[in-house]
Amino acid sequence: MDKYKKLKEEAYQANLEIPKQGLAIYTWGNVSAFDKYLGVFAIKPSGVAYDKLSLNDMVIIDLDGQKVDGKLNPSSDTPTHLQLYKQFSGINGICHTHSPYATAWAQAMKSIPLLGTTHADHLANPIICTKALSKEQVENGYEENTGILIYKTFKDPSSAQEILNVGPYPFREINPVQNPMVLVGGHGPFSWGKDALSSVYNARVLEEVAKMAMWVNSINPAFTQLPSHITKKHYDRKHGKNAYYGQE
Amino acid sequence: MDKYKKLKEEAYQANLEIPKQGLAIYTWGNVSAFDKYLGVFAIKPSGVAYDKLSLNDMVIIDLDGQKVDGKLNPSSDTPTHLQLYKQFSGINGICHTHSPYATAWAQAMKSIPLLGTTHADHLANPIICTKALSKEQVENGYEENTGILIYKTFKDPSSAQEILNVGPYPFREINPVQNPMVLVGGHGPFSWGKDALSSVYNARVLEEVAKMAMWVNSINPAFTQLPSHITKKHYDRKHGKNAYYGQE
Amino acid sequence: MDKYKKLKEEAYQANLEIPKQGLAIYTWGNVSAFDKYLGVFAIKPSGVAYDKLSLNDMVIIDLDGQKVDGKLNPSSDTPTHLQLYKQFSGINGICHTHSPYATAWAQAMKSIPLLGTTHADHLANPIICTKALSKEQVENGYEENTGILIYKTFKDPSSAQEILNVGPYPFREINPVQNPMVLVGGHGPFSWGKDALSSVYNARVLEEVAKMAMWVNSINPAFTQLPSHITKKHYDRKHGKNAYYGQE
Amino acid sequence: MDKYKKLKEEAYQANLEIPKQGLAIYTWGNVSAFDKYLGVFAIKPSGVAYDKLSLNDMVIIDLDGQKVDGKLNPSSDTPTHLQLYKQFSGINGICHTHSPYATAWAQAMKSIPLLGTTHADHLANPIICTKALSKEQVENGYEENTGILIYKTFKDPSSAQEILNVGPYPFREINPVQNPMVLVGGHGPFSWGKDALSSVYNARVLEEVAKMAMWVNSINPAFTQLPSHITKKHYDRKHGKNAYYGQE
């Protein structure tokens, strides 16, 4: 009996969701699923195409970053996942892709302004874009430092890249549970959630929001952000105390 | 025997048309079907994915906004649908989505200019974008006020957002039967029609027209609207007294 | 025995190619097939969706514009097809769609510059955009006048809309067999060819060329046209006297 | 027994990958597979649609450019493939398409800047765009000269088109094995690799990178290239001496 079977199954299904949602071609994305009681996460093996992937290819990693189960090498982004699980409590799934609209914003080095209710239905802040990593951060533990950079930017968003057409990030700290996505400057999106499938759902949300925001800029480069009384309403009706969206 | 069965079937089929036409991902859209003799409409339940939806999930709402049949919670946008059925006579289906091109225009806070015959084949005016709702409108009956805002903007289009590159809306009043679509500023599109499927058809028309208009602006930012002798001709050959498009 | 059966079959198959190539949604396009010996053409009936279309729905029209076979009303664009068959000798198929990239150029009122070999493989000139029709042309035989406008613009391209970023059309006359496509200003594309399927092929070529040209303008608004020694080479290696592309 | 069977099979499968990856419509692309021991390559026949193609249609060409097996005419681009096989040692597959994003950059006459890790995962330099061929180069062996132009531009990139928003190409020479793709100015992309399928993979990479770069320019026209400490890291973790991406 494999005590990791359920976790592998969760990670496996969520990885298959990446190409199904059009978020990555070839091997350009990975998802992990975390079990806080077992203290491990299951992650996609490195460089394996989605249509070649099988349940047992999933690799189990503990919180020291050690492989505890699986024959293949884990995703090269594994240390980034590890850092996020250690630093962001309450998240149990992480997704990384190179989905093109989100990646274009990351390459443009701009945080995504909060322009509409589609965005506000899912998070109540602009979507943050981190700085690019420094030479030192790249040379001494690149993937680990990517996770640390995300964490630190959430702690102090004044270090984030400017919001397009708006300016510096206006908050003191960002709650990662309420803002389950980020752009790593020059690289691409990471997203997370209460489980692995939720992290892919948030990756798809980010891609759609990034696409719309690019188009808004094309239609009206003098756009302004949506007033907070609307964005807060939309966020709260889905996620607030008195949420009334969906079935209980 | 379920006296609402036919209405539920109409709403159900029209909701399935949303993902088929690429107008929404996940649960990001809803359609209702109205029966004026029964004085009720059938609407999608809140937060249910299209591929999980079944005929009997449809919720029946009367003109007081009360649920008269169905186990699930209705779409959170139900009060918007209700207002539109009460205020716009002659419409029997309403569709709301976050289709990306139309939503980008709504987020850009611009009405869509009348640039070609594709647009004029379906409506003879620019596509109106309302203001964003005020703090008061959001806090005291947000969804209901969304419907009222649409209605009031059709009554007095001088309050609408400017038409891109053209200026203020040039008409005194807009006929909702002849102009079966609108953008709610900062939010997204609503459309309607003589039945539920027509409202989805009009949502698809709006998405195509919004896409083309964005591209026209990219090719030639100094574009002008099409002369009214052409737009009127196209509208009339399909919808006028002496229409000669289609089979009778 | 139906003497028009072969012609109907050709028109029917070519109409089905429209949605297959993504050139139109719903009923937004039509193809006809001409037989110069019989002196008639077969055309799509008006307002019938592609997936409802059957072989026997095709309508046969003679060169006086009279219906000689078929139960349904022909496409409302039939008089445009008729004019083109009468005025452009050597063409036996015509296609009209509202494909979005080509239509965006038509709405932008700009002729498409000759920017690359993809374009030059199929025609050696910019793709012409006509003026919009005048009030008089619209009110007295709109569809017929659309055909006449196309014909006259090919005879005298100095009346065409400017080529984006280039200027007025540089030729005295345009050969419709070597330039099998046009944009009608504010409306959309028409294309033609040696048979009905070729006209749809040319509609697809136009859509691809229009897309690329819009993107070139986005990447480099200071673009210039490709030198004629290259465009002529590409056209001639496929269509010239000593063509060496393809199998004989 | 056909001694070229394996090579034809490789070329055939790689050609089928072109439409599967959305890189060309109709007949607008071709792949060849090279066997350096046999001193020949297998290439797609000219003007044959992918869905009509069969294994035995592949044409075998030797290094003198002579057809040594096959009934059909080879791709008209055959002399370009031949030049690249002769001049670039270590490549065994070549792909040419008119994929729209890459072709738009080629038509815009701009080299593609190195903006992100998606690009750097596959090549560590900007993607070069050659000059357009001169009148003389076109008239005396156009396809052969296309190959020679690519080769010469890799030898001396100072002759390449400027990198968008960056300026002249900054290197003295470019290694074709590490930079397996190019844009021919005004024409479109060529790519290559260790085998025929790799050359199609690189064509798909180029298309995705070209798309993202166009979008970055739309979001932030003042973009800058990614620092080399990041791009080198990404290239090296996949392709360097101590690569740790993928399974060994």
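We just call them A, B, C and D in the order they show up, numbering each chain from 1.
Assume contacts are C-beta pairs under 8 Å (C-beta built on N, C-alpha and C of every residue); 3 or more make two chains touch, one makes a residue touch a chain.
Source: prediction; values computed, not measured.
Chemist: In terms of residue numbering, is the interface formed by chain C and chain D classified as same (over half shared) or different (under half shared)?
Modeler: Since fewer than half of the residue numbers are used by both chains, the interface counts as different.
Chemist: Taking each chain's centre as its mean C-alpha position, how far apart are chain A and chain C in Å?
Modeler: 46
Chemist: Just the number, please: Cα centre separation of chain A and chain D in whole Å.
Modeler: Spacing between the chain centres: roughly 33 Å.
Chemist: Could you check chain A for residues that touch two or more other chains and list them?
Modeler: Chain A, residues with two or more chain partners: 218.
Chemist: Select the category (line, ring, star, complete, other) that matches the graph of chains linked by touching.
Modeler: Shape of the chain contacts: a ring, since each chain touches exactly two and the loop closes.
Chemist: If two chains touch, include that pair; go through all of them.
Modeler: Touching chain pairs, listed by label, are A-B, A-D, B-C, C-D.
Chemist: Please name which positions on chain A make contact with chain D in the complex.
Modeler: Where chain A meets chain D, its residues are 25-28, 45-48, 72-73, 76, 98, 100-101, 103-110, 132-135, 138-139, 142, 164, 186-188, 214, 217-218.
Chemist: Flag every residue of chain D that touches chain A in the complex, lowest number first.
Modeler: So the residues of chain D touching chain A come out as 115-118, 201, 204, 208, 211-213, 215-216, 218-220, 223-224, 226-227, 229-230, 233, 237, 244-247.
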